[in-house]
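Following are the structures in question.
Same chain, two partners: subunit A is paired with subunit B first, then with subunit C.
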Partner chain A sequence: MLRLVNGAQTVGNGWPFWMSFLAVLAGALVYPMFADSYDVGNFAYFLIWVFMAMGLCLMWGYCGMLSFGQTFFFGIAGYSYGVLAIVLGGGTMTVLALVLAVVLAGLSALVLGYFMIWGRVGGVFFGIVTLSATLVLAFFLGQTAGPEWAIGEARLNGFNGMKGMDPLNIPWFDDETLYFEGASLYYLAIALIVVVYLGLRILLNSRFGNVIVAIREDPQRAELLGYDVRKYQLITFIVGSSLAGLSGVLYTSWGQFITPGSIGLPAAAMPIVWVAFSGRGDITATLVGSFLILYAFQTITVYSQQAALVLMGGMLLATVMIAPQGFVIGIARTIGRLFRGRGAGNATSSNTGS
Partner chain B sequence: MAELLQTTALSKTFGGLAAVSGVDLSVTEGEIHCLIGPNGAGKSTLFKLIIGTYPPTAGHIKFRGENVTEERPYQRVKRGMSIKMQTPSVFKELPVRQNLHIALQHHVTKAELAREEERLLTLLDLAADAAKPAGVLSHGQQQWLEIGMALALKPKLMLMDEPTAGMSPEETFRTGELIQQLNGLGMTILVVEHDMAFVRQIAQRVTVLHFGKVFARGSIKEILADERVAEIYLGKTHEHL
Partner chain C sequence: MLYQFADVFAFLILSAAGLAIVFGMMGVINMAHGEFIMCGAYVTVGLVHAGFPLPLAQLCGTLAAGIIGVIVEMAIVRKFYTRPLDSLLATWGLSLVVTQGMLILVGSSVAGIGTPPGSFAVGDYTFSVYRLVLFAGALAALGFVYIIFMRTKFGVHARATMQNAKMARALGVPVGRVYALSFGIGAGLAGLCGALYAPTMTLIPTMGATFIVESFVTVVVGGSNVLLGTAPAGILLAAVRTTLNAWHGQIIGQIGMLIAVILIIRILPEGISGFLTRKQR
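And then the complex of A and B:
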């Protein structure tokens, strides 16, 4: 099964790629030893969002479902984590809160996805319905300012957002508690990214991955080859949306607060920009590209939030007009060609996994 | 001889138009059955009813003795139907080999996969193009590829809607040979075709469809001798038949 980290659905299959991967990973692991803790915390913050981007890449780039609902599931899980962490009493129960919150996001995706996919909501309408759900959730949470909007001790607090939940933590050696903040959150995010990234590569190069790209290309033909297309679409939607949920939990835990602002527009459009700009057709491009964009934007936002938003819009426009497949993937393909030109890479595209 | 496929009073209307109306068609196990008729006669619609992409307005479809009228296309495919549509539908951005791989992967063991891929690539004369995206193939080659994908499922009943459209006479002839070869291996084949020379090459039984209804049926000889059939092909009459 591990062999499936390489295959037809992923760019970067030869040893030069995996050497670079290990080099970047090693760099990421030693980084906190050299950087100051403020920067490490910032990096952790960027890494948190990458799951949401990878989930969208899976659904949109590989299965052809453009979901505007990533922040919907981000919000479901982020708020659920907040409520559960408070209601369950915090402490190490936060780990359970994390798991349950992601499961809740997955269940919401199951329900929403079922109605859309079985109701034959396709193409543009898939985007419209998911966006509507997102806006409704943001609007709903925005009007929960009153004290009646509370679950146990957990107040939803309307636009001001909910706060007061414990960050993720686990028991540590010597009766200590390890709070996932700063460097430890950074390491947690790195570990989760490695697991999710490699897991998605395996999934994509497996039989399942072959079927979802077939569905992207021609759903009718895929069905006529004997695949229950709706089932594959639903599973893809659940996995992709749950990853947004994971981002939501980590986000809430990171800042110990979450507001409806992280669900509605313009937040809902961000994952689309990241993934489109990076290259929705490839998971590695999405991972690298999203991180770079988040990093760049943080830097710009420090000076002007408006400028950052305008730039984000400009980037989407540029992507659509200049490089519809995405910029990062374009650069990656060029590098790949250079390598192959020198005979170093793995030139065959015949490895289709199974 | 057992009936493999049987439609009873099968009908499909689009708005006010009866594209298929009251069609009783039976396909016997092991035969090559041709479905002919003028443009717009309802041949493709009938195929889509049989495979399940359209639900019928009325009537039943029995396949291998089971009523499959309510089943979804993938379920019918799992029961042993396979189709090559009139307009080529292949996965255009995926390499030719992966197209075949996707058709093969759910019923061929891992050990056999590569061998089956090679066998089909050779059979389809696409070995040299295996790594190219299917979308860059010529129209005729895409037809071949789609036929190959449909065959990869090792169906009991193969539906082919105009398999030779866009092919050169030479390719057409080879397609005919392929169909006979598959039939020799026990596959039942239902073919829609306009090219009467081709129909003559392969057909054992022929059903003629006209305005959505069965207009005539019989052996290829009987159909060719039928004046009325010649008439409905008016414009491309005798010299064509």
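And then the complex of A and C:
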């Protein structure tokens, strides 16, 4: 098992790392028993966004594709979930809605990705084409206020956002229904994060992961070595974007509403800030860093949203000027070096985080 | 129809010209482009409120954006010429700071100034004169770019730098100054766009976002050469958009334009100017 998740492409491969990973996980699992339900709900909210960050880390940090379109797929999946949950009629159908919504996000990534990757759009253009698509989607949804913009019972409602869909739920024991809200949503998010995180680590340390890192380093060389670069890029783009879609579904389910505001500017910049600041080069750094940033910014946003965004922009600027690899990963590497300096056997870098 | 076409064309050219120059020269996409547009618009409106005549205020707005552009280039963008992706992030960070900072400082909206009155009639239709001014402004901007880059010493330096920065430096071209000035010109053109459109729209700190999609797609389609790329891209996209607007309204026009762009990059990945340059060889 450990052999699958460990490897050259991820930081944190030794026993100390996995021990602290388990400790953090255990802490996260018992946390709702001590905290009040409001805090648990908030934590669940932060965890929802982490998928989007991990998806971007995969595309940008490992494959070198800087996508500004994470909120595009977030929005597609979020709105699809809303529409599907209403049209299919709630209840257990919400699980189907979740799956379909994520698949839809993946399909739109397939289409958009095909045109960009097969057109060999790279570098800065990749970013601005995805951003253009994102902004157009936000404008489009922003003007769907009229009653003609409805799919079945589901009204899109323009800028005011869509609401009235059931949260995710499954049948539970004794004919009861388990709604994923508060603590249960928290546990669902934790479970999904563990699955996605370990899954991505397995993917990254597999042959596939090595190839996409090779593509990041030098697409031409990778191609000359006989790999179909476009296929690998497209798959990476679909996986990363679907993760953004998962975030979108969970977000819609969490608040039972979604607005175009969570797609357009400045929302589209947020995943970039989290991943850049955390360190795009490593999935663990992204996981920990994004969570910490979200937690910190929730506190600031309570006082002033604008101030929080100014700080976000400043952080992005500071990151690229001072520590282009990201701050969290820088700290993690320093800790790792300290361990090695003490002669602690294997080269490890522990990264305990929250 | 022709009038609408001219209107869309002017919008595309004015919003994209500055971005295209900066991209063509330095390979940098300036994500804070919308904020330079906003800067031009705010300065213009502020000066009009202070009693300046509109054309003078617009000139000041353009210059203000240009000067701020030079400062931004020297303070930030200069560090990123070897890392184009990071320049994207840095300017985006700047854009966030400026937009949200403006929201804190000046609030969400400023009293606008009306569109200059005056209209003329052709047959049954009436047209606003100011829209024609915008079209003239777009043509003037293209003419200005042409003269600057093809007819001045700076233009020779700039084109030399564009082709091969190291070689130009070795031949004694002050590459750093050329970059700073080009960025300034790009920002100034953005400011001009803001100044010209200031009377026609509501001023909000996030107004840059209304221009940014159009400027991005025009540059993507046009490619890295302003003179060869941006103008044809403007014509092409304006044609697509005008047709779709007339058919089914603004938003379909915008979506259609985006789809057209995505199809075009599949066929012409280097944009129109890349295609034309290759044909010449």
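Methods note: the second predicted complex is superposed on the first by the 344 of 354 C-alpha atoms of A that agree within 3 Å, B and C clash if a C-alpha of one lies under 4 Å from a C-alpha of the other, contacts with A are read in each partner's own complex, and residues count from 1 in each chain.
The working rule: a residue touches a chain if its C-beta (ideal position, glycine included) is under 8 Å from a C-beta of that chain, and two chains touch if they have at least 3 such contacts.
This is a predicted model, so every value here is computed, not measured.
Trainee: Go through the superposed model and pick first if A:Ala8 touches only subunit B, second if only subunit C, both, or neither.
Mentor: first
Trainee: More subunit A residues touched by subunit B or by subunit C?
Mentor: When the residues of subunit A touched by each partner are counted, C comes out ahead.
Trainee: Contact-wise, after the overlay, does A:Pro324 reach subunit B, subunit C, both or neither (first, second, both, neither)?
Mentor: Touch partner of A:Pro324: subunit C, not subunit B.
Trainee: According to the stated criteria, A:Glu223 is in contact with first (subunit B), second (subunit C), both, or neither; which is it?
Mentor: In the superposition, A:Glu223 contacts subunit B only.
Trainee: Considering only the touch criterion stated at the top, classify A:Asn210 as touching first (subunit B), second (subunit C), both, or neither.
Mentor: After superposing on A, A:Asn210 lies in contact with subunit B but is clear of subunit C.
Trainee: Considering only the contact definition stated at the top, list the common interface residues of subunit A for subunit B and subunit C.
Mentor: No residue of subunit A touches both subunit B and subunit C.
Trainee: Would you pull the subunit B residues touching subunit A in the complex into a rising list?
Mentor: Those residues of subunit B that touch subunit A are 51, 53, 72-74, 77-78, 82-83, 85, 89-95, 97-98, 101-103, 105-107, 110, 113, 130-131, 149-150, 153.
Trainee: Can you name the residues of subunit A that touch subunit C in the complex?
Mentor: Subunit A residues touching subunit C: 66, 112, 115-116, 118-121, 123-125, 127-129, 131-133, 135-136, 139-140, 143, 264-266, 269, 272-273, 276, 304, 306-307, 309-310, 312-321, 324.
Trainee: Tell me, which parts of subunit C touch subunit A in their complex?
Mentor: 23, 27-29, 76, 79-80, 83-86, 88-90, 92-101, 103-104, 206, 209, 212-213, 216-217, 219-220, 251, 254-255, 258, 261-263, 265-267, 269
Trainee: Which subunit A residues qualify as touching subunit B in the complex?
Mentor: 8, 207, 210-211, 213-214, 217-218, 220-229, 348-350, 352, 354
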